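After this come two complexes, each holding chain A, first together with chain B and then together with chain C.
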Partner chain A sequence: MSKYKVNLKINNIAVSVDEGTTILEAARQLNFTIPTLCQHDDLCVAGNCRVCVVEQKGARLLPASCATPVSEGMEIQTNSLKVRQARKHIVELLLAEHNADCTKCFKSGYCELQDISNDYRIGDHIFLDLVKEKDKERDISSPSIEKDDSKCIRCQRCVRTCDSMQYVSALAVTHKGNNMRISTFMDKPMNDVVCTNCGQCINRCPTAALTERNYIDEVFDVIYDPNKFVVVQTAPATRVAIGEEFGMEPGSRVTGKMVAALRRLGFDKVLDTDFTADLTIMEEGTELLTRLKEALVDGKEVALPMLTSCSPGWIKFQEHMYPDLLDNLSTCKSPQQMFGPLAKTYYAEKINKNPADMVVVSIMPCTAKKFEAERPEMRGSGYKDVDYVLTTRELGRMIHQAGIEFEKLEDEKYDSILGESTGAAVIFGSTGGVMEAALRTAYEIVTGKEVPFTNINIKPVRGMEGVKEASVKIKDAKPEWSFLEGVDVNVAIAHGLVNAKILMDKIKSGEANYHFIEIMACPGGCIGGGGQPMPTNMEIRKKRAAGIYEEDEAMVLRKSHENAEVTEIYKSFLHEPLGHKSHDLLHTHYTPRKRQ
Partner chain B sequence: MTRIEELVKEQADKHGRQRTSLMPILQAVVGSEHYLSEDALVAIARELDLSSADVFGTATFYTFLDTVPRGKYVIRVCKTITCHMKGKDEVIGALEDMLKVKLGGTTTDGKFSLLQANCLGWCHKGPVMLVNDEVYPEISAEKAVEIIGGYLKKG
Partner chain C sequence: MENKMKKVDLIFDQVDHLAILDKSLQRTQDEIILDVIESGLRGRGGAGFPTGLKWKFAKNEEADQKYVICNADEGEPGTFKDREILTQVPDKVLAGMALCGYCIGATEGYIYLRAEYNFLLPMLHKAIDKFHKELKKRDFDFSIRICSGSGAYVCGEETALMESMEGKRGEPRNKPPFPTSSGYLGKPTSVNNVETLVFALMIAQEGPTQFKEMGTFDSRGSKVFSVSGDTPTPGIFELELGMTLEQFVNEFGDGDTKAVQVGGASGFCVARKDFKNTLIGFEGIPTGGSMMLFNSSRSMYNILNDYLEFMEEESCGQCTPCRVGCQQLVKGIEAVKKGVKPPAYLEELQKLSDTMRIASKCGLGQSVPNPFNSIIQNFREEIIY
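On to the complex of A and B.
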């Protein structure tokens, strides 16, 4: 559909844009920056902060550029005297009730409100100071999220995120007038409500009102403790995003630099969650094939479709929203939580360390993984399996703090063992990746041949569409899998919990005929995780995903079952997928929760 | 099903399960229960497939949708400027003495809550008092005591 063009002038420059474009978008096309706070590219228009006001010739009031579509013949000034004065006053009003203790604030240097205040040289307060009225008590009930209402500018990005992207609405606008605040059901602590800890709201909050619980000091403390042996694992999606913390392009592949930086920070061993991602495929693939066999051959009642379980935000969402479908979830722990117990058993033995002296730290694109590590089930090794979880952003801070010039680092390799991985593991970082990795391996187990896609790139499961479906026909199944001969294996993928809901409702109503479903809580999968660098938006997610697939193609081995360390661990330790040891260390169970 | 869940279901059958049904259901529950308990809010959210935070947010926006327990009769004395000037403080003082309850509180027998309200639109006939939905304009301390006395007798 061709759109009408609208002609207007911005700062005396003529421009022609599609009908429906906002003034803000039109100004961006001309490379004029207009400050924004409530606007976010991922979210619907709110128009409540007003910092984006501009002057329109002939109009009495200053329109909010993010909320006003262009019209024919419009003449806009983005930086007139009137605009500057209004903007200054708007920011001053926000600051009049903002607990601006920047020097102590976790967000300092990364804060959108601070940036605007600096740009406009906001000085003496001219408005009544309302900061002393503010509740400065932070909510740190959740191991993932810190909520500080005294830093909230009520832009409602978080509310829109939690609703439109995640279908959770753990946060809402509550109370009214000067008591209006962003809060939870009955003003309960974050840990006591339906919040999934996905961190998408954190990733969009322009201030420090919502941040991850950060464990940077705790991790430095154990690194400096001579009696502790500290190993670090890195998730797939961090390696295409951490560069952004140092001004690099989104999607820059910096695996080698990240490994080098971690070594310089003082971790004793730098290991890879990708190793356990490969292992997850062995366990989860076998689990799927077993369920299919039980259903098709033994005629047993088994829960199908099987749902992936790598995303702890998704797990908690299901526990709250679809507790009656928990049997459909794979019992596999996430790669992070498979890594932990193996590090403190198998690995500890190999390197001759007492697991009591070991500390496992993980670097994750995810805030929900902080909560996951605290789950009481996650003590398969007899110790807390994963001790500290840091986001990609926190790692960025650590590297900055340590004065390491990231961009200049030479590439280094992961330590062995628990450091080897395949391309199938790295694609876990993007939506559709777990599915693709599982299909690459399962198809080969069943038929002895590679999946029938060019260069084993299973394109139909890739991309940013919210719900994806694909079908793979099994041809020439080996005798032991003959029951799968000619079967169309139907799969579906959803990312962002609002899309997960679409699939779950289909399962509930019985209209779904899928065998296997991959769900990631975050839009784009882990590359768009709540713990990833800010900002994150569609363009950035696409670039990071592209980085992930390049990383896959650059690997020598691209199928999980080809990982030699995985073969070895089955030979000498686990013995077989879904075996006794796997059951104890690598699988788990779930807890039905209330939706409130 | 608990009693409150039944009530909510009944109201949802009557008013529908759209987002726009939320207000009448909230009002109906307050009408019969005098306030919105945590259980009631959860039941409403489930019945309408809304998030409970959302329902709570809506309820807390409206002063008349109480989320803390209230008595059978909720007395609201207007606190805005005209009624203030016309002696709402004396009215409140008299009612506090009579009911042995502080402003904002509820009597121990659960019969009366004594609250203030913003302008009720009766400024020309202030001070004004509201008992549940009943308006009492041009009251004085004595008159207020007399009116509430009537409710006391009514039980």
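On to the complex of A and C.
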């Protein structure tokens, strides 16, 4: 449907835009930036911070440009004296309520409030300080998320994120007037509510009111401890995003530089979560085929569709919201948590180290993985399997602190072993990637042939649509898989928990006829994870996803079962997928939780 | 103008509300709406939007459902006239809602009743049941329900009211879209004050002329006032619009009136020297009905402080100018009083209140400057010393 055009003038320049466009968007089309705080491209309009006000000729009020659609003949000034005065007042008011200790603040340099306040050179502090002492007590109950009310500007981005993108509603606005604030159910600590630790609210918080719990100092401490052997693993999605911390384009493929930087930081071995991503495919693919066989041949009651389990935010969501469907979850641990116990058993033995002296650090796009590492069941090695989890952002911070000029580093390679991987592992970082990797391997196990897609790129499972469906017909199954001959394997993919809910409700109602479902808690999958560089928006996530798929195509090996180190570990240690050792080290169980 | 105020009896007059409705149902919607426009009736809830126009906008919307909401939240300090109207002439309010429903094409109406008025519920339910039966006899499809208010002043603001009715937190919405195009549950909705609905009914009965001939050019007709404060005769009075404050004070004052707060906490304070030149109405000082008289025993600092503390607490808190602005005004006058800030700080605060007026999201924040500036301007000394 073609839209009506609306003609208006912004700063005396005529422009014609689609009906329904906001003044803010129209101004952006003319390359005028209007400062914003509560507005976020991923979220519905709030119109509450008011920093984006503009002057409209003939109007008594200053409309909020983010919340006001254009109208015919409108004449807008984005920087008139009236606007400047109002905007300065508004920023000063926000600062009066704000514990502005920028020099000590984790968000400094990345902070939207700081940016605006710098732009307007707010320095006079005309108004009275309103920061409440009790707001300065930070909530550090969660291993993933830190909440500091003294930094909150009440923009409600976090509330909208948690409601509309994640369907969790762990955060809510409570009280009114001077006591209005962002809180949880019954003001409980973050660790005691339905929060999934996904970190999406952090990614959209303009200030330091919500940040990840950071463990940078702890990690430097063990790096410099001569008695500790510190190995680091890096998740697939970090390598297309860490460059942003150094001003590079989103999606820049900087795997080699990242490895070089990690060595310079002093990690003893630089290893790859991608290795265990390949291993996950072997375990999870086998688990799926086993479930299908039990259902179709043995006539057993098995939980289908099977749901992927590599996103700890998703896992906690399911434990809270759909505890009755926990049997459908794959028992596979996430690649991070497969890596930990293998490092402290198989690898420790190979390199002749006492696992008690080993420290496993992970670099993750994710805040939920901090919580995951703390789960009591994640001690398959007899020790805490993963000791510290750092976000992509924290790694960026460490590299800055260490004075390493990231952009100028020469590419280096991962150490061996636990360093080899395939293209199938790297695509774990994007929505649909686990599915694609699983199909590449499972199809070949069953038929002996490659998946029937050009260049094995399974396009239907890719892309940013919230819920994706695809179907792959099995042709020429090998004799032992003959029960799958002609079967349409139906798969579905959801990213962002609001989309997960759509699929889960379909399963609950019996509407779904899927065999296998991939779910990632974060929009776009891990590339949009709660630990990734800020800002985030659809365009940035698309660029990171493009980086992921380029990385895949550039790999020599692109199917998990072709990973030679994976073959080796099965030969010499695990023996077979779903075997005893795997059961002990690579699989887990889940905990039903309450909704509040 | 003659020096006597005209008392009027349009609102509380007992009339045959069903006869008015029957007569109206014989006419077209457009005819009635034109009459309401012609009468010059403007909303009595505070904002003063022309009622006929509001109905016309709502009527012109295409939708499978539309709603009529009677705003009986009456949270403005010093107003109690809607309670009185609902008590005395509930049938007229119900008929006014049905009339609005007929005009705009809505079959459902809601009364959003202030939580403190819940004691009216049994009586209202009875009246509604009776009214429904009468409508059924006439085969007229319209039903009324009551929605109990949430107890927050801001929920009287029409969009916060609808959020609250939808079970959400009472935070005002962005406008546009206006309720007449997207209101309750996203459907075209006409929100009208209790008193407005009764006037509309009376205009449907009498035709526009009688109403139009009362009052002034911008403020036609009469208005129900809630008179309180330092007055020997507090209470509810329906008066012709267009009187001066001098006339008003002569009637209601105790002989020592130093100021009148017109329009409650969101209204203006007028000092004695201006009584003569101040007209009560849209060309002068508009009011939703609250008239508070203060005599010379009152401290204007305390009065201003009370209003500001009320706003500071009752702000929904979502938007910066209002949430933080109110706190700054409260703390600011205290700082000046205590000498922590110099008297000139009041000018900074007045500039701030100008920002609140033009940059706040809803009428609450936008009207905090009314009491603030008017009291500071008239009683600067009392605030400082």
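The definition used in the following text is that the second predicted complex is superposed on the first by the 593 of 596 C-alpha atoms of A that agree within 3 Å, B and C clash if a C-alpha of one lies under 4 Å from a C-alpha of the other, contacts with A are read in each partner's own complex, and residues count from 1 in each chain.
In the analysis below, a contact is a pair of C-beta atoms (placed from the backbone, for glycine too) under 8 Å apart; a residue touches a chain by one contact, two chains touch by 3 or more.
Bear in mind the structure is a predicted one, so any value in this text is a computation, not a measurement.
Chemist: Which of the two partners, first being chain B and second being chain C, lies in contact with A:175: first, second, both, or neither?
Modeler: both
Chemist: Specify the partner with more touching residues on chain A, choosing between chain B and chain C.
Modeler: The larger set of chain A residues in touch belongs to C.
Chemist: State whether A:571 touches chain B only (first), chain C only (second), both chains, or neither.
Modeler: neither
Chemist: Could you look at A:121 and tell me whether it touches chain B, chain C, both or neither (first, second, both, neither)?
Modeler: Touch partners of A:121: none, neither chain B nor chain C.
Chemist: Could you look at A:408 and tell me whether it touches chain B, chain C, both or neither (first, second, both, neither)?
Modeler: Touch partners of A:408: none, neither chain B nor chain C.
Chemist: Counting only touches as set out at the top, which of chain B and chain C does A:94 meet: first, second, both, neither?
Modeler: Touch partner of A:94: chain C, not chain B.
Chemist: Just to be sure I follow: which residues of chain A are touched by chain B in one complex and then by chain C in the other one?
Modeler: The overlap between the chain B and chain C interfaces on chain A comprises residues 173, 175-176.
Chemist: Would you mind writing out the residues of chain A in touch with chain C in their complex?
Modeler: 45-51, 53, 60-62, 64, 67-69, 82, 85-86, 89-90, 93-94, 96-97, 126-128, 130, 153-154, 156, 173, 175-180
Chemist: Inside the complex, what are the residues of chain A that reach chain B?
Modeler: Per the stated touch rule, the residues are 163, 168-176, 183-186, 193-194, 594-596.
Chemist: Which bits of chain C are touching chain A when the two form their complex?
Modeler: Interface residues on chain C, with respect to chain A: 152, 154, 169, 171, 174, 176, 312-321, 323-328, 331-332, 335, 348, 351-352, 355, 358-361, 366.
Chemist: For chain B, which residues count as touching chain A in their complex?
Modeler: My answer: residues 38, 41-42, 45-46, 50-57, 60-61, 67.
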